[in-house]
Each structure stands twice: as C-alpha cells, then as structure tokens.
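Quick one: the structure is below, questions incoming.
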Amino acid sequence: MTLELVLQCIGAVFLLGGSFFCIVGGIGLVRLPTFYTRCHAAGVTDSAGAAGVLVGLAFVSTPLVAFKLVTVLAFVWLTSVASTHALVKAAHARGVRVMNTPRLDWTIPPPAPDDGEVDPSTPPSDLGPHLSGEEA
Amino acid sequence: MEEAITIALFALLLVMAMVIGRERNLFSAAMLTGIFSLISAGLFTALDAVDVAFTEAAVGAGISTVLILATLALTDHHEAHDRLHPSKVNWKAVGVVTLTGVALLYGTVDMPAFGVADAPIHEGVAKHYIDHSFEEIGIPNVVTAVLASYRGYDTFGELGVIFVAGLGVALLLGAGAPSITSEHPHLPQKSRAPYVREMPVVRVVTKALLPFILLFALYVQAHGDFGPGGGFQAGVIFAAGLVLYGLVWGPTALERFARHRIVERATAIGLLLYGGVGVATMAVGGNFLEYGVLTPEHPQHGQHYGIFLVELGVGITVSAVMLVIYYVFAARNVSPTRSSAPVTLPPPPMSEDAS
Amino acid sequence: MSYVYAAAASAILITMLLAMGRAIVGPTTYDRILALNAFGTKTVLLIAVMGYLFGRPEWLDLALVYGLCNFVGTLAVLRFSKYGSLANDVTLPPDAEDHA
Amino acid sequence: MIANLWHYGLVVVLMMTGLYIVIAKRNYVKKMMGLAIFQTSVIMLYVTMGKVTGGTPPIFVQNDDGTLTEGIVYSNPLPMVLMLTAIVVGVATMAVGLALVVRIKEAYGTVEDDLVTELNREDEARRHLSAAAQPIKESKS
C-alpha cells in the first residue's frame, strides 16, 4: 500500500521532529541561565515537542485512536500553557527577576551561576522558608 | 527495547527516591514525590499493568500531591536540623537497611527470573482467569473481571478499608466541625477569593476543561469492561476534577456544587450499593456476589449487571472519600483558629512548653 | 517504523532525565515546578509512544489522565507556593480582613 | 540465571531507600514520603513478577466477529488486581497518617520525632514528680 507507506513516512518525520524539539527543550531546560528563559525551553517541549510526537503518531493510527491523540494534544496544549502562564506570573509576583546582565552573571563567582535570580531586595522570607528555594 | 525502557525508568525511579531522601525542603520533596509517582506510573505501563498505571497516575500526581501539600501548609515547610546528628548519615539506620537488603537479596536468588512464562505465579487461578474469564464473565478486560467478579469479596474488603480510612480522616480532622460554608455565612454567593481575580487564564481553562474531565471520569467508569479503567480510577479522576475546581475557586465554591454533608453520606452509599448487590444475589438464591443468578437464563448478562453496579459503588465511595479528605484538610487550612480546639489525645500539660 | 518509535522513546527518556536534573538542582522553587510540569508532559508522550512500541496503541485514555493529574498537581503546588495554603483565604495580606 | 533477577535487586534497593527514610529521618511528613516509596517498591515487586516477556496487557484482543484472537500472550492479571486496589487503599491510609501528623503538630507544636519523644519524656517526669509531691501536700493541709 503506497498510501500507507506515505503516511508512515510523514508520521516518522513528525515523530523525529517532535523528538528533536523535546531534546532541544530538555537541553535548554538544563543549560539556559535564568528562570524565564528556562520557561521558554519548557514551552518548546510542551508545544512543539508534544505536537510533533502526537501528530506523528496520529498519522499511523486508526481514526478513533487519531482522534484520541488529537484530544490529548489539545489537552496538553491547554493545560501546559495555562500552568506555565500561572507559574511565570507567580514567580514574577514573588520577586524572581530577569537578572541576566552579563556583568552580574560573570563577575561574581557564586557556587552555581544560576543562583542570582531571586531579587535580594525583596527577601521572600516573610512568608515562610519554603519559598526561598535551595539554600545550598 | 521493552526491557531497556523498563530498566531506564527503574533507574530514574531509584535516583528520584534517593533525591527525595536527601531533600530537606519538604515543599520541594513534595514536588519530587509527584515526579516519582509519574515515573512509577510510566514503569507500570512498560510492565503491561495499564490498569495499575491508570490508578497510580490518577492518585499519585493529583490527589496525593494535594494531600502532602495540605499537610505541609498545616505543619512545617522545612525539616528541622537534627541536633543529635546534624546533617550526617545515620549509620545505625544504614546498617539496619544494608542488613535487611542483603537478606532480602539472598532470598530472591531462588525466585523465578524476569518475564519467564512458566513461573509459579502464572499457574493456578491466574491461568484460569486468562483461559476462561471471557466465556465465564464475557468482558474483555481480565483485570476488571477478576476485580469485580472473581475476587469480589476482596474488593469489597478493600472498599471497606477505604471507607474506614475516609471516616478516620474525617474524625481526626473534621469531627463535629462545621462545614466550610457554614463557617463563613456572611460570604456572598459569588466567591470573592482574591486569587480568582489574579489567575484569569487558569480560571478560564479550568472552567472550559472541567465538564470534559467529569465526562471523562464517567467514561472511564463505564468503559472499564473493555479497556483500562473502572470504579477506582473513575472515582479518583472525578474527585481530582472537583479538587481542581476547589483549588482554583476555593473549597467554598466547591461546596456549593458538592455539599460536604452529602458527600459524607455518599461514602457510605457506595459501600452499601456494593454490599446490596451481594445481598440481592443471596436473596435470589446464589452466593454472596454471585452475579450469574441475577439472570439465570443468561449468566453472562447477570455478570455484566453485577459488575456494573459493583463498579458504580466503588466509584461513588472512592470519589466521595477523596473529596471528604480534601474537604477536611481544606477546612483546617481555612480556619487555623480551630487548631487550638481541645485535642482528644491525653491532655498534655506541656503544650505551652511546646509552642 | 519500530526504529522510529524506539528513537522517539529514547529521546523522550533523555528529555525526562534532563527535566529531572532541573527538578533536583532547582535552584528556585519555580524551577522545580517548571520541571515537574515539563516532566508530566514528557510522561504523556512516553505513554503514547510506548503504546505503539509495544503494539497495543488503543489506550490513550491513560495519557489523558496523566495530563489531567499533572495539571491538578501543578496548580496545587502553585497555589501552595503562592499562599502557603491550599484553601482560599489564609496569608493574603491585603484582602485577609474580607474573610476573617 | 542471576542476570535475569535484576528486577528483584532494583526493587530491594528502592525498598531499602524507603526504609532508610522511614528510620533515619525525624520529620513525620518525610517519614510518610518514605512510606510511600516503600509502598511503591512493594507494588513494583508484584507487578514485575506478573510480567511475561513478549506479553501484552491482559485485555483480550477480539476479532471483528467478537471471538478472541488466538496466540496472544497476556501478562498475569492477578498481581495487577491486587495492586490496583492497594494503590487507592494506600493513598487513603496515607491520608490517615497525614491527618495524624497534623494532630501531632497541634498537640506538640512540632512534627520532629525526637522533639516529640523529648516532650513526652518531660511530661512523664513532671507527672511523676507531681504524683510524688501529692501526699506531702495533703499531709500539710
């Protein structure tokens, strides 16, 4: 069946593309310097990665399963976007700032270079120690 | 590939467990527990236990994270530093654990290898279930057939345990306490919790998704005969959907949809429905939970009816118990003043020292 | 085609590993929440791909449940991190007297 | 032979991690988390034992006419049934444990094991002292 083969090829391309975006997003999640940039990386895996993988799978499935896949994709898109939005808003409200000026990041040698995001001018200690993140 | 994925997920699980062990910030540990549960659910899927994975996904990532966080809100967010062994490994515990582990490992040397088809566990009733359940019960999902029919007694007992656990939590935390709305009689009908104004996107998305979540729970409930699913999973998903509503709008708003008192009654109703099916089969002339006698001319149909009713009872009780647990924890969160209520433990004269 | 599935599954596993690393390292609480959220999405994808890899792709209901419960968990964590409580009217400095 | 027993080893390590947390950590909430890990390891033990290599989940594959497709290996459904209920029961019992933790916090003001033990000991000593002092007081009056 040539049609089946064509669909499989398209599906494979989508799948591999999705996998690529997943890995790229994952690397970004680890390597990017500040919280907001990492949010962007996670967004890549949640939107492009999920879309690639699920649409790729939908090309090689029966219509019912394809429908379910599209439902899952719609669900993931809605919820992950909403929760990332709420997360960024909460982080901004709690004083996580985009302090990514090269001067700050490269001249001070902290134990971990990512540590300087919580704005020291607004210490979050008034609402409990759980918000101040990692101490080490 | 199957085995490779299994081992990879297992390795992730182990790393996660150890990280949870050394994380001193309990709030972070709670989040890591959520990830732990997601990994284990993935592992269950890789090990063919789709029903178990279904349950774990619904329970672990949703309900139990909420529970731990609700507890943390009422206790401490951070582990206190141990004064006797400050930030050191507890070598006594390591010794005990190592000894136990070595003994257990020694015990597994004779056990059957991974995945062999002729292991003792696959003989006996398990073989009977796979070979004959389709002709005897008539539903494709063997797990549901075993759960609701062959081992109906067992499931009845488990449901009783869940009911008693819900009762215990309600007695420990909410005994005689007024429900959330009666505590705030002056609250206007429109909830004016401030965060509702703060998170419009989350609010809209939740509102749009909620009917589908509840519908999906009903689908899982009814579809348990043919695919993974059933009363346990559906109950937890239903409760998770309502808890989601409670998280976004506040438990006060949720109370307007599902009254605390009614939900409390529903915990018993499900259990009674389960038991009632058993009594009905006895009244017709069979054994307890022998569904076949319900329709003597066509035992398979009786099995279908029986399994449907029993699963419905399971779903009602499980979702009601989860909701009751959420309610009593949330009520504590709303009114911290109640924490000064007299404690039913032996009255400690040292309580002023402790605080 | 099974090679493609295997490659996709490996890629998703690697991404899970990376997200887990971010969840462990932190440094802020919000990084952990972000990693939890990303991890949940990756689990959904892994379940979907595993279904195809093992030849029984019809149970995507499972993936849907993962997405849902991940959402519930993330929101719970967010509410907690924002207000230190899961109920509505504790530790809200400006509006607290509305409910007291 | 030993090489195919890896799953037991992993389960045991996981179980011992949970056990270590339960024994060594003093925070009750942390202990509950350890207990949850321990429980997951037990569930994992059952589920790995039920797995058959090359098997599929025990949901029958049907032909179009409603009969069963022959020649498919299914994994063992029995451990899954037991563990499925165990998970839900586990979360319900964990809720009981966490409720107890909340009550302990309210009664003692702490959820650290050693502090609670210390407070109990102090309390006992005080009760002992007051019991010893009681007859003297009465004789004075």
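Order as written gives the chain letters A, B, C and D; numbering starts at 1 within each chain.
As a convention for this text, contacts are C-beta pairs under 8 Å (C-beta built on N, C-alpha and C of every residue); 3 or more make two chains touch, one makes a residue touch a chain.
What you see is a predicted model, and the numbers here were worked out from it, not measured in a lab.
Contact analysis places B-D first among chain pairs (by count of C-beta pairs in contact). In terms of their C-alpha centroids, the spacing between chain A and chain C amounts to 10 Å.
Averaged C-alpha coordinates give centres for chain A and chain D that are 33 Å from one another. A separation of 18 Å divides the Cα centre of chain B from that of chain C. A straight line joining the Cα centres of chain C and chain D is 23 Å long. The set of chain D residues touching two or more other chains comprises 56-57, 59. Looking at chain C, one finds that residues 16-17, 26, 29, 33, 35, 54, 58-59, 61, 64, 68, 70-71, 75, 81-82, 84 touch two or more other chains.
Within chain A, contacts with two or more other chains are made by residues 75, 79, 82-83, 86, 128, 130, 133-134.
Which chains touch which is summed up as A-B, A-C, B-C, B-D, C-D. Of all residues in chain D, those touching chain B in their complex are 1-2, 4-10, 12-21, 23-30, 32-34, 36-37, 40, 43-44, 47-60, 62, 68, 73-96, 98-103, 105-112, 114-115, 119, 122-123, 126-127. Residues 1-2, 5, 8-9, 12, 15-16, 19, 27-28, 30-32, 34-35, 38-39, 41-42, 45-46, 48, 50, 53-54, 57-58, 60-62, 65-66, 69-70, 72-73, 77, 184, 187, 191-195, 202, 206, 209, 213, 216, 219-220, 223, 227-229, 233, 237, 240-241, 243-244, 247-252, 329-331, 333-334, 336 of chain B touch chain C in their complex. For chain C in complex with chain D, the residues that touch the partner chain are 54-56, 59.
On chain B, the positions that touch chain A within their shared complex are 25-28, 72, 77-78, 198-199, 201-202, 205-206, 208-209.
Residue ranges of chain A in contact with chain C, taken from their complex: 8, 11-12, 15-16, 18-20, 22-23, 25-27, 29-30, 35, 38-39, 42, 45-46, 49-50, 53-54, 56-57, 60-61, 64-65, 68-69, 71-72, 75-76, 79-80, 82-84, 86-87, 90-91, 93-94, 96, 112, 114-115, 117-118, 127-128, 130-134.
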